[in-house]
Every structure is written in structure tokens, then in C-alpha cells.
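Mind having a look at this structure? Questions to follow.
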Amino acid sequence: MAIDKRVASAAEALGGVADGAVVLLSGFGGAGFANVLVRALAEMPLRDLTLVVNSATHPLSQTHLLIERGMVRKVVCSAARGRGKELSVFEQLFKQGRIELECLPQGTLAEKIRAGGAGIPAFYTPVGFGTDLTKGRETRTYNGREHVLEEAITGDLALIRADRADRYGNLTFRFTQQNFGPSMATAAKLAVAEVRVAEDTPIAQPEVQLPGVYVDRFLVVD
Amino acid sequence: MSNLKPLNRFQMAWRAAQDIQDGMLVNLGLGIPVLASDYLPAGRDVFIQSENGIIGAGPEAAADSADPDLVDAGSRRVTLRAGASIVNSADSFAMIRGGHIDVTILGCFEVAENGDMANWDSRVPDKGPLVGGAMDLAACARSVWVIMEHNTRGGGARLLRRCTLPLTAVSCVDRIYTDIAVLSVGASGFVVHEILDGMERDALQARTGAPIAFAPDCQPLVAPPIEVPG
Amino acid sequence: MSNLKPLNRFQMAWRAAQDIQDGMLVNLGLGIPVLASDYLPAGRDVFIQSENGIIGAGPEAAADSADPDLVDAGSRRVTLRAGASIVNSADSFAMIRGGHIDVTILGCFEVAENGDMANWDSRVPDKGPLVGGAMDLAACARSVWVIMEHNTRGGGARLLRRCTLPLTAVSCVDRIYTDIAVLSVGASGFVVHEILDGMERDALQARTGAPIAFAPDCQPLVAPPIEVPG
Amino acid sequence: MAIDKRVASAAEALGGVADGAVVLLSGFGGAGFANVLVRALAEMPLRDLTLVVNSATHPLSQTHLLIERGMVRKVVCSAARGRGKELSVFEQLFKQGRIELECLPQGTLAEKIRAGGAGIPAFYTPVGFGTDLTKGRETRTYNGREHVLEEAITGDLALIRADRADRYGNLTFRFTQQNFGPSMATAAKLAVAEVRVAEDTPIAQPEVQLPGVYVDRFLVVD
């Protein structure tokens, strides 16, 4: 049967997601948030999610919906600070001890996800050595410099945003929209994309930025 | 002495920008550092890297041409320079961690005389942590420059024997541009290369929390007048 | 018994191809496995991955349209199927090592009853080693299938208690397609699912270097006639 | 001064290469060999080179020139077998003990180079565990499976082949020409490309396959 990864609804896109899922959410600085899918996820009766996302508090992301509805047990991110003096939803829950946090250097976060998709269970990095974020971590000297051992991140679900898709799930991204999306798709058991446009014909080979074999389903939004 | 006028934040950015060399790949942190791109000396062909994957970021976009999918590390809608390219976050940090950034200029809270840097956690009660790419940049750029006020608002020292705030990276800072001095961090600690024009050396030492040495060719620090927008 | 005609190499490839499921991402090794792409059952939409970075390799190119920059793992000049994309070697092996290949079909010298596989070093004196992507594929594809003659030219067993040749990967083989049988490797060793039509079970055991069990639904192995090109 | 990475001659492209250099050579299966630069390198009075290359013996590569001229102390590769029964130049020297060999699984080779460019000094991989190629290597169990520790590869020089370049060194590749080239460029102190075409205007952003910041010099070859 001819491959066709397009789905008709957000419900179909998110079918099979279960309590306790580790959910990888793309997006940085306003670009690449899969906000339609995140809103749809927030409508599902899910609990104990772990979110892996660069920022837990970016105002242009809908991540806060999942957090404020009490669906999230833990956040793994590089940024969890709300803007201004008011506490963000995340910060309020964190202050109350109602949500767990693992804060990572952004490049370590990105590399852990890339490793998860690439079959590398652990790697050494110089980043974070000697800081509070790597306390108690195993270290080793390479090239006269201390490094910390970091383990891969894998997920049950990745929700990513792209620009165009073809039936095979091949994706293109606009400008900085890609950020964490491509590696998150490789690291998740189920990778779902929301896109602006579904192409009727296959995307030409040199334009494909994420091979469709990494994408399980995509939804056209707007 | 009371007439001495420290550099404003635009002048600090200007001063750091003068040291960016032709052909460099440069990452500019949020706040004052990102202003440096406006003050590059004429004729220097520089690529600005943004941690979210831009290699060759241009100035902030005009409101009518701003694109929500083209943002920099500070969520500003920006433009691209000629020859720019864009990679994903894993590849962007491979570039940073791999030592391909010639210079990163970062904002900072504290620097210790051994080059330790603290710029990500100022211990504001109840606010969540925000480390972003600071640790990657501080640990792995070939050269790490800091722009910061020489002292805290309360007059405390930011250049210290040891940092009091949580570290960003150990032994990483190469140069420091403050409102009253330009310093490097050497094997024996802070070395002053420029001191605010007219300022006494003792006065600078008094405002610094660790011993400072003066380079043999120490110069007066002077910057052209740049108004801070109201 | 002497009338029993084992499968030729095209028929072995045909037999393996029948088990490739719709929508799979498949990597085919050099030699017999790569022939399997010609025998996929109609209507199965399959992507062939080539270790040098092709996702969606098509058939070998016609001489007049062959492109020297579009080659597969066997240096053959190939074509692309609809929806194909191409990545670099680091990304291709990230795909392989990351467990994204549904099935790899590999040529082989020996398989042990615990699934150990030896397919890269036949100990030819003075010839250099050639491992290529075999270890990556054998260790990391979700399912590892082997196509090989059941016995060596000298009549020796290739299905063994323990491999005698250097290993490619440990406990990795899931299925074996030989010229006289189709087997799987289970927790207790080799299980025969198909045996050459007309062959006695004892005869198969006699040609196998480890105990074999027969699946309850063991079938005769039959393939359509396919001529081996002269 | 406006960046312009184009050089006029192979001599200029290879200026500064010294005895003992670790040289990374791209190419696989006939695509992506920087054969013009390799031929030029073979004309230089260099010794004790270490070559990092997928195959030491591919008939469409000029790698053999460096080997047969006695310039190479060691080869790191995944393939070192000549075709047919005749021994290749590499095999002859290896038999005589006049050249060293480190044979690696191809994906481990690719990942070690990628790690070298990405600031990862070492990583764990399941590939090669229990085989002769990883004998004596440090191992560790992750997810119930044994992995071996592999260290990064970096080089002094990378010679890669691409299709188009612009003055900034941005590169595009044709089809499978990329293979090891992009990661080799990231892992070498000096990365030199040979290309078919130099573009007069910058290559458009989505078409760039290797950012020019990784390329130090490029030479246009027929």
C-alpha cells in the first residue's frame, strides 16, 4: 500500500499517547513550536508526562497549557524562567514542589536528544564541568581537560513543527524553524509533525531537511 | 575624580566590537553583547552565529519584514547577511562545542581571577533557572569575552578572587570589558590593558575584588560619545 | 533425494523478499541480498536504505543515465525512488545505529545457534580487512536476516554451535534464508520454518552444524523458477 | 576585508601541510573523492601521514598514490581489501609490515569523525562489541546491552569534494557525493574542498549543505 503519513485530525495524530509518556517538544524563540498539536495534547486526559523542551516558559509556546493543567510530572529543559517578576506557571508549581525539573546546558540537551536518535547511549562533553548542573556526574580527562558523562534522551512522542511535508513524511523547515525538531523526531518512538503545506508531489531530494522515515504522522494546520 | 564618566552600555559594546577581527565567527550573548554587531569597524567581514542555528545573522528586521520563523537566540526577529546558512540545534551546538566559534561575547555577573565565570544564576528567589547556551559558549568558544559593569549597583565587586554565584564554566574568560576598564585574565590573574581616561590606578584597584596588574602598555580607555536611547 | 534442486541465488533473494513488509525501511547487503529488491511482492511500498546515505534507492541506473555521484553501498550507479532523500555518512549511520532500519538482509559466512554472525572476514591470507557497515547493520537493525548457502563449497556447515570465523556481531541474527531452508534463531537455537520441498528432515539436520528444531507449522520451501543469467 | 576562500592553485590549497599530518579524505563508492587535491598532495615531499578514509583501496580513489609513494605511516579505514586476488598496494605494504592499519566499523568511523568536529571526545556505541575490532576496549552496559567506548578523530587536514561553492566557502553536494565530507571538514584544522563550480553570488540559505565556516579554502577543478 502506498505510504501516506498524512492524518486528518489532531486526534488521529496523537492516537496512542499514554500516561507517563516522555514528550519531546520542538521550538525556540517563537519558531518551530508545534502549538496546534500541543493544544490538542492538552485536551487529552493524560497524566505524569515528562516534557523535554528547550524552554518551559516561552511566551509563544503552548507548553504552559500542559503544565498548568497538571499533566506534567517533570520538565527537562535549558530555560525555566518566566519573564518579568511574576512567577510563570512552571515557577509556581516548582516553588510548590509539584513539578520536577532537570535543567541542562542547551547544547547538552540538544546532543542528548541527537544521541538518543543515533544509538549513542552516552557521551563525554566538556560543557557544564565544575558547575551545579553536573554535580555528582562521572567525569574523565581528555586532552588535558575535564569532561562529564551525559546519557542519551529518548522519548515516546515528539511533536515538531515544519513548513512542508510530502506523503512520505519528508519535511522542510523555514529558516530557524528546525531547531530541535529534526533530532527530536529521530529520538522518539512516535514522531508527529504539524506543517503549513502538504505537497502533492514528493519534495525534491536536496530540499528534504528531515527524511520521512523519521516522521510517523503529519497534520496540516491552518 | 567625580567628573570621570564611565562608559555606557553602548560604549562598552563599541569597545568590545573594536577587538573583533576580520573573518571571525562570533557569538553575541543577550543584552549588551548583541549590541556589538552595530559597532564593528568598517571593512571587517564577520559572521554572527546564533545558538539556535543561524550562521550569519544580520540586524534586527524592520517591523514590516520581520519573519516569525527567523529569530535569534534572544527571540528577536532578525535578518540574514550574505552567505548566511542555518542549521538545527544539534548541529549549532556541535559547532559551538567543537570549538568553531572564534569569539563569544557574553554578559556576566562575576569573573574570578582564574577565569571562572558566573553569568547564569543570580539567585533571584523563586525564579526558575535559565542557562540556555551560556555554558556551552563559555566552555567551548576559542575566546570568551565578557561585557559587564565593573561593579554591582550596590558598589560590590564583580571581579573577584573567587566567584560567589553559581559557575557557568571554569577558567574560561579571556577578556573583560567593563564601564571603566579593559582587562585580560592571565596565569597570574587580572591584567589591566585600558583604564578609564583620567582614573587613578588605585581607584580601579579599590573597585576590584582581586589584585590587578597593569600591562606595560596600559592605555586610557576612551570611547566615542554614543547616546543611550531615552 | 538427488533430484532435489536447491534454490539458486536469485530464488533465495526472492524468498527473503517475500517477507519484507509494507512500509519497511530496508538495508540490503552486497551480493545476493541486493537482488531482493527486484522480487518485492506487488504493492509493497518499501524504502531501500544504502549505508552511504541514500534513503529510497531505486534500481541500478541504465548505462546512458548513470550518474557517478549517485552510487550505492556496492559502488553501483543507481537511481532514486519517489520520495527519496540523501544524508551524509554520519547521519546515515546515526539512522542505522539508532535502530531506524526495520530489516537488514546480509550475506554471511556463518551463523551460530545463539545468533552470533560472521560475515566480514573469511581469513583469506594477505588480503586486507573489509568490514564496511556490516557491524553497524548487524548490531543495530531492528531485524537481521541472512541469505547464504546452507553449506560451504566443501560441504561444511555454516549454521554452527559457535562461529569459527571472526564475529560481525553477537546474538543478532533473526532469520536465515538458505538454498534449502528458512530458519529463525530463537532462545533455544535454530528453528526451521521451511525445508526444501521433498527434503527429509534428517538430511537437513545432517547438513547443519547445530541441533535444529522444526516449527509446528513448518512448510515446504518452494520458489518460482528464476534463471541465473549465464 | 571581504571573505573569499577561493584559491587559484592546488599548491595554494595545500599550503602549510606538514610531515606527520593526519589527513581526512572524503569519498565513497566513486562519489566525493577529492582526487585532484589528493594527486597534488602526492606530489608534495611529505612523510609519515596518517590517512583517515573509508577505503584504502577503492579503485576510483587516488588514495593509493599516497600509499605507494611511501608517504603514509598509518591508515584508519573501514575497508582495506583490494578487488580480485592480486594484492593492492596497501595490502602489499601491510603484508610487509611497512604500513599500520586501524580497521573500524564504518559507522564508528563516521561517528568518531563527527564527534571530533562536535567537541565530543568519546562516546559509547553497541557496534563492534564482542568482535576482534574492539578487543581490549573499555565496555559498559546501557539498556541491558554491552557498548564499547570510542574516542573522537580529529585531523590536521581534510580534503573533500563538493559540487558548488560560494566565496564564503558554503558548499553543496550532488547526490551521494557528501558522504564523509561534511563531518571531515568539521573535524580538521584545515579543511580544503575541490568543487566543480564557484558561484558568483552566495548560495541560497536552504541549499547550503555545509556552512562555509567549516571550509578554509576551495579550489575549482574541471
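Every chain is named by a letter (A, B, C and D) in the order it is written, and numbering of its residues begins at 1.
Rule of thumb we're sticking to: a contact is a pair of C-beta atoms (placed from the backbone, for glycine too) under 8 Å apart; a residue touches a chain by one contact, two chains touch by 3 or more.
On a predicted model such as this, the values are computed, not experimentally measured, just so you know.
The interface holding more C-beta pairs in contact, when B-D is weighed against C-D, is C-D. Farthest chain from chain C (centres taken as the mean of C-alpha atoms): B. The distance from the centre of chain A to the centre of chain D, with each centre set as the mean of the Cα atoms, comes to 33 Å. Chain C has its Cα centroid 57 Å from the Cα centroid of chain B.
Averaged Cα coordinates give chain B a centre that lies 36 Å from the centre of chain D.
Between chain C and chain D, the centres computed from C-alpha atoms are 30 Å apart. Within chain A, residues 111, 114, 118-120, 125-126, 175, 205-206 each touch two or more of the remaining chains.
Contact with two or more other chains is made by residues 86-87, 94, 96-97, 140 of chain C.
The touch graph of these protein chains has some other shape, matching none of line, ring, star or complete. Inter-chain contacts, as defined above, occur between A-B, A-C, A-D, B-D, C-D. Taken together, the chain D residues at the contact with chain B in this complex read 1-3, 114, 116-120, 166-168, 170, 186, 202-203, 205-206, 208, 211-214. Chain contact summary for the complex, chain B toward chain A: residues 50-54, 67-75, 77, 86-90, 92-94, 96-97, 116, 121, 126-136, 139-140, 166-170.
The touching residues of chain A, when paired with chain B in their complex, are 28-32, 54, 56-58, 60, 78-82, 87-88, 90-91, 94-95, 101, 103-108, 110-111, 113-114, 125-133, 163, 174-183. The residues of chain C lying in touch with chain A in their complex are 22-23, 25, 43, 45, 47, 49, 55-56, 80, 82-87, 94-100, 140. Partner chain D is touched in their complex by these residues of chain A: 111, 115, 118-126, 140, 142-143, 147, 151, 172, 175, 205-207, 209.
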